[in-house]
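Labels for the chains are A, B, C and D, by order of writing; each one numbers its residues from 1.
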Amino acid sequence: MVVIMKPGTSQEHVEKMISYIKDMGLDVMVNQGVDCTVLGLLGDTRLIDPDTMMLNVHVDRVMRIAEPFKKASSKFHPDKTIVKVGDAEIGKENTFTVIAGPCSVETEEQIIQVANGVKASGAKILRGGAYKPRTSPYSFQGLELQGLELLNEAKEASGLPIVTEIMSPNLVETFEEKVDIIQVGARNMQNFDLLKELGKCTKPILLKRGLSSTIEEWLMSAEYILAGGNPNVILCERGIRTFETYTRNTLDLSAIPAVKRLSHLPVVVDPSHSAGMSWMVEPLSLAAMAVGADGVIIEVHNCPEKALCDGAQSLNLPQFESLMQKMKNVGAGLGLEV
Amino acid sequence: MVVIMKPGTSQEHVEKMISYIKDMGLDVMVNQGVDCTVLGLLGDTRLIDPDTMMLNVHVDRVMRIAEPFKKASSKFHPDKTIVKVGDAEIGKENTFTVIAGPCSVETEEQIIQVANGVKASGAKILRGGAYKPRTSPYSFQGLELQGLELLNEAKEASGLPIVTEIMSPNLVETFEEKVDIIQVGARNMQNFDLLKELGKCTKPILLKRGLSSTIEEWLMSAEYILAGGNPNVILCERGIRTFETYTRNTLDLSAIPAVKRLSHLPVVVDPSHSAGMSWMVEPLSLAAMAVGADGVIIEVHNCPEKALCDGAQSLNLPQFESLMQKMKNVGAGLGLEV
Amino acid sequence: MVVIMKPGTSQEHVEKMISYIKDMGLDVMVNQGVDCTVLGLLGDTRLIDPDTMMLNVHVDRVMRIAEPFKKASSKFHPDKTIVKVGDAEIGKENTFTVIAGPCSVETEEQIIQVANGVKASGAKILRGGAYKPRTSPYSFQGLELQGLELLNEAKEASGLPIVTEIMSPNLVETFEEKVDIIQVGARNMQNFDLLKELGKCTKPILLKRGLSSTIEEWLMSAEYILAGGNPNVILCERGIRTFETYTRNTLDLSAIPAVKRLSHLPVVVDPSHSAGMSWMVEPLSLAAMAVGADGVIIEVHNCPEKALCDGAQSLNLPQFESLMQKMKNVGAGLGLEV
Amino acid sequence: MVVIMKPGTSQEHVEKMISYIKDMGLDVMVNQGVDCTVLGLLGDTRLIDPDTMMLNVHVDRVMRIAEPFKKASSKFHPDKTIVKVGDAEIGKENTFTVIAGPCSVETEEQIIQVANGVKASGAKILRGGAYKPRTSPYSFQGLELQGLELLNEAKEASGLPIVTEIMSPNLVETFEEKVDIIQVGARNMQNFDLLKELGKCTKPILLKRGLSSTIEEWLMSAEYILAGGNPNVILCERGIRTFETYTRNTLDLSAIPAVKRLSHLPVVVDPSHSAGMSWMVEPLSLAAMAVGADGVIIEVHNCPEKALCDGAQSLNLPQFESLMQKMKNVGAGLGLEV
């Protein structure tokens, strides 16, 4: 950490700052510059809050050199984390895991049909929403507990483990019991009370990136879960908010190599929600593979006879089957097993 | 609501869509355009989810004409909402309410000294953090319950009502009992389970705008609380995330007249957190008055003898007193009572 | 185009608006809604400026249904544009074109060595900056005219056609004579006077997307060139500005399938500038292939003996050779010839 | 400037870097940290390009401590710049300058009527567009040279000096002769060839901030003009692009105190273009005063008999007169002469 004193700070105030830093158990190197004095802090600065430093009126700026996360960092944990659930080994080298299923669990028939369908095409995990975060209080909020039951029926029928979203710390116990991977949605990425509870959980956590979160904040939220004692976090990039309105969100694929370099945690991509358009799912899924993601989580719907189906952002089963085939072809060129 | 069918959609599929809309109890006007057919939906479309419409593969785009919120809308509730707490009447015409206090409650001496200080200068409500949302699990998380007790001591000593942040639905009962205004932080603006609980509460809610939330999403979160039965919501603009790095966040002051036009709810501005620099608090507070906000919420710290004080973004008591004086002068030109 | 009148607009003012629209040679369908009247404009609305509509005080909103571009649109020009330069056919189906070269032209030795090197690995076009847009007036502004001469020497030596950036309308004649593809940088994407001059040019234009431009604005800038009479525009995605600071810009790969659907123009990706880090060039190049781009433009440097080389974002020749090999492997899985 | 070497860099490479820096005439302080070595550069680092430093593969990050601008900096030029044009003294303490006029010059009658009208209400400078930057090649591009002539007629009739936008370096000579203040639009803020030409000009330059430009980049563009020899630059904040869609752009009023602290140059606010809605002009103008701007530039239209007038973002003359009155009242509370 580097602390830059304001231009014109008196020697007395610089000395005071130095002794303040030393009191925290750190060493200090002093650079007397032309414009200002720069202090280099030596030692484990990871636990020091830069804002606390800024409390001193003579401090101009504080710049981190080391990242603020530790348990999530590849520097302190060089071996890649591999999350094993059912047949899937998410994060294993040369492996690409496909998670698929409907946006919302609707009926027993629907979820079982989709589960069997995506399994036949090669998906390793079933997704499906039971508790739905909705912008409007008047929108359908999901089948809730009944949705969890239906997911479990589909799990039994297909053999696929299930992942679904949690929204409240009150439900952690229920999810721990009924769900294989617990998903934290983008809107709850900084719901710290929820993260703390999930840190005590034995089930893996799929942690979506917040709509306007930086990569560092995302890894700090993972750090909350890891620091609580749960080592199994899967990161999920799902698009960030920008000024572009053609796509719903802007999928930040450059975040994937960045996260793979900064952290040992596996990272998957959600191409369905970011774009919000089903015809974009295929190119974005292939790009996610090529850029180095450990997997994708894709919305797939059934409903052959209903007038309203195919969903703005969902694939139907034949489209999913075709995408799986293309992913296998591209995976071959990348040395990946899909 | 306007539904635009894809170019080349057959008459049969247009008819199907029309009957689907009519089944929802709405009327439809059909515009046969050159490129495509546009359907105008007549009736109360407020409760209809555009994404549901998009599920039909023949739909190109869905555009709302009416806003999706109702209880928060000035169209359905033309009288301004005035939230009365202690001596404050937030939202009353020609009135500007100042809320002030420290970032975190630290000690009994600190909070009482600040409470008495800001009251003497004209603040009407005391703020202070007991439960602190922190990006890092290793940062100080606040005095929690003890912080609430200290705030109540300061309330007794100064006579000022108190506002403090809640982070978990589990604490709503405690806050209902011990706090005058319950604050929802930016990171929890879309913590829908928390909003639902607060809708059942009798205390007013100060709802901060999320870091990357649109004005519409912000009002939809207010709608959650209003729809739950709690009519007293105060909106709080606290800066949005942009690419600009000089300021911590970009205070969106044009959101104030926008919200005052769209909604009957009062709206205050937080100039301390958005800029993150104490010397910006004065110009931004005066600008908040001039742009039409109903008040400001300002960080004020004491600590005369400590080496580290004045906080990066906090004013000390004399600075706050000086700001209050300037706000009174500018308020006079605007016809506002501060 | 849909025009929404303000709630409560009198019948008289609606009638006035209708006759105003009819005077522009369009037909109007009138939807009398519950809240407001919606006018559907029928005819070629592409040339109508929505802001002109907004000039009427009774108009609440104007929404485009058709895109505002015509010559750039795939609707009006269904055949893909293929730009042929040297051996390259950019935009040809199942073809992926690699453009490579140094950030700046520095010396004869440098540019010839890089040109021969990238050609040997399979690049089809040589890039190199002669006129450099620099944020600071004190930074090196490029070799300018001498740089163009050196590029031509490298062209002769290697046989590769050359692409380089233009910054002023005054230089169009010179570039027309000395350059094979003229590049418009992100900062000049809306330098309309420059675009108009390039519309009269016979050389293809590589048009980079502005740092905060929408896809629609980008295509409108292409429309300027096409409308001027030059049919050969190659679009280039190079990252947009977001709040994320880890990467220099956020490469918007979802813009590629969007542009391929909206337009017939070829689109390439610049993975070097967006990320600003050489180790990201490989994953982002492979992702660009997988997402459907027609090519990439990559920074490659030589300098075996200098201490300072390899550039923050540049590959050296062996790294480029290795990337070309991987692109060929992945291209095979995608059915692409690299 | 601080240079952070990558963790694990050998002593030999650190030494090489140090001697490289010393060759540039700077001194170096070396901080041997736990994770990495940090070099503090002492001397005038203002002219050094951080990207050049990043060319060394062993450099992890380069952080500026001093700002990269010099002539625009208040550190090197503590006296405020006051730009005198006609009766206006933009940047003079306790003075607030109002610039007003139509978006586009349309007819002699229009521009003279508006000029006389805004002068009567207290405006000091007339604005009006002759060359219009338009997103679409099919939109009206302004009256161009004829527009300049009409502006000069209005100047003669009203006595107000005129400001209008330039778009091409080819027109600098013409503008120098016919215009009192030359405006650079947001889209041309980084049209460096244009900025260089304007640096040789004797007329003041009104430099709008780019849609996604940082404050630092804005000041660097001013530096281009100042470095060329023209000391009279007026900065103009006109809104930045964010994800918010209710307002056209987000007016960044916190940029005003930031710029006033960093630079000696005057800064004005354009409340008409940023919001894009005429009813927002009043609150945003008052906020601009309160936040410390040196003036505003406001769109005002005439057209009593035309059906289409009042423009989406323009005030008519009575609205402007009313706004001037309110600005005088608020100005009194702020000690400003309007």
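Here, a residue touches a chain if its C-beta (ideal position, glycine included) is under 8 Å from a C-beta of that chain, and two chains touch if they have at least 3 such contacts.
Here the structure is a predicted model, which means the values were calculated and not measured.
> Decide which interface, A-D or C-D, involves more C-beta pairs in contact, and give its chain pair.
Greater number of contacting C-beta pairs: C-D.
> If we define chain centres by averaging CA atoms, which chain lands farthest from subunit C? Would you check?
Farthest from subunit C by mean C-alpha position: B.
> State, to the nearest whole Å, the distance from the C-alpha centre of subunit B to the C-alpha centre of subunit D.
31
> How many Å are there between the centre of subunit A and the centre of subunit D, using C-alpha atoms for each centre?
Each chain reduced to its C-alpha mean, subunit A and subunit D end up 39 Å apart.
> For subunit C versus subunit D, what separation do you get between their C-alpha means, in angstrom?
Going by mean C-alpha positions, subunit C sits 27 Å from subunit D.
> Which subunit C residues sit where two or more other chains touch them?
Residues 212, 241-243, 245.
> For subunit A, which residues count as touching subunit D in their complex?
Going through subunit A, the ones touching subunit D are 2, 4, 7, 29, 31-36, 38, 40, 42-44, 61, 63, 65-66, 75, 241-243, 245.
> Could you list, by residue number, the parts of subunit B that touch subunit A in their complex?
Listed in rising order, the residues of subunit B that touch subunit A are 16, 20, 46-47, 49, 51-52, 54-57, 68-69, 133-140, 167-170, 187-188, 190-193, 196, 211-212, 217, 220, 223-224, 227-228, 241, 307-312.
> Per the contact definition, I'd like the list of subunit A residues that touch subunit C in the complex.
Touch residues, subunit A against subunit C: 212, 214-216, 240, 242-247, 250-258, 261, 274-275, 279-280, 283-284, 286-292, 329-334.
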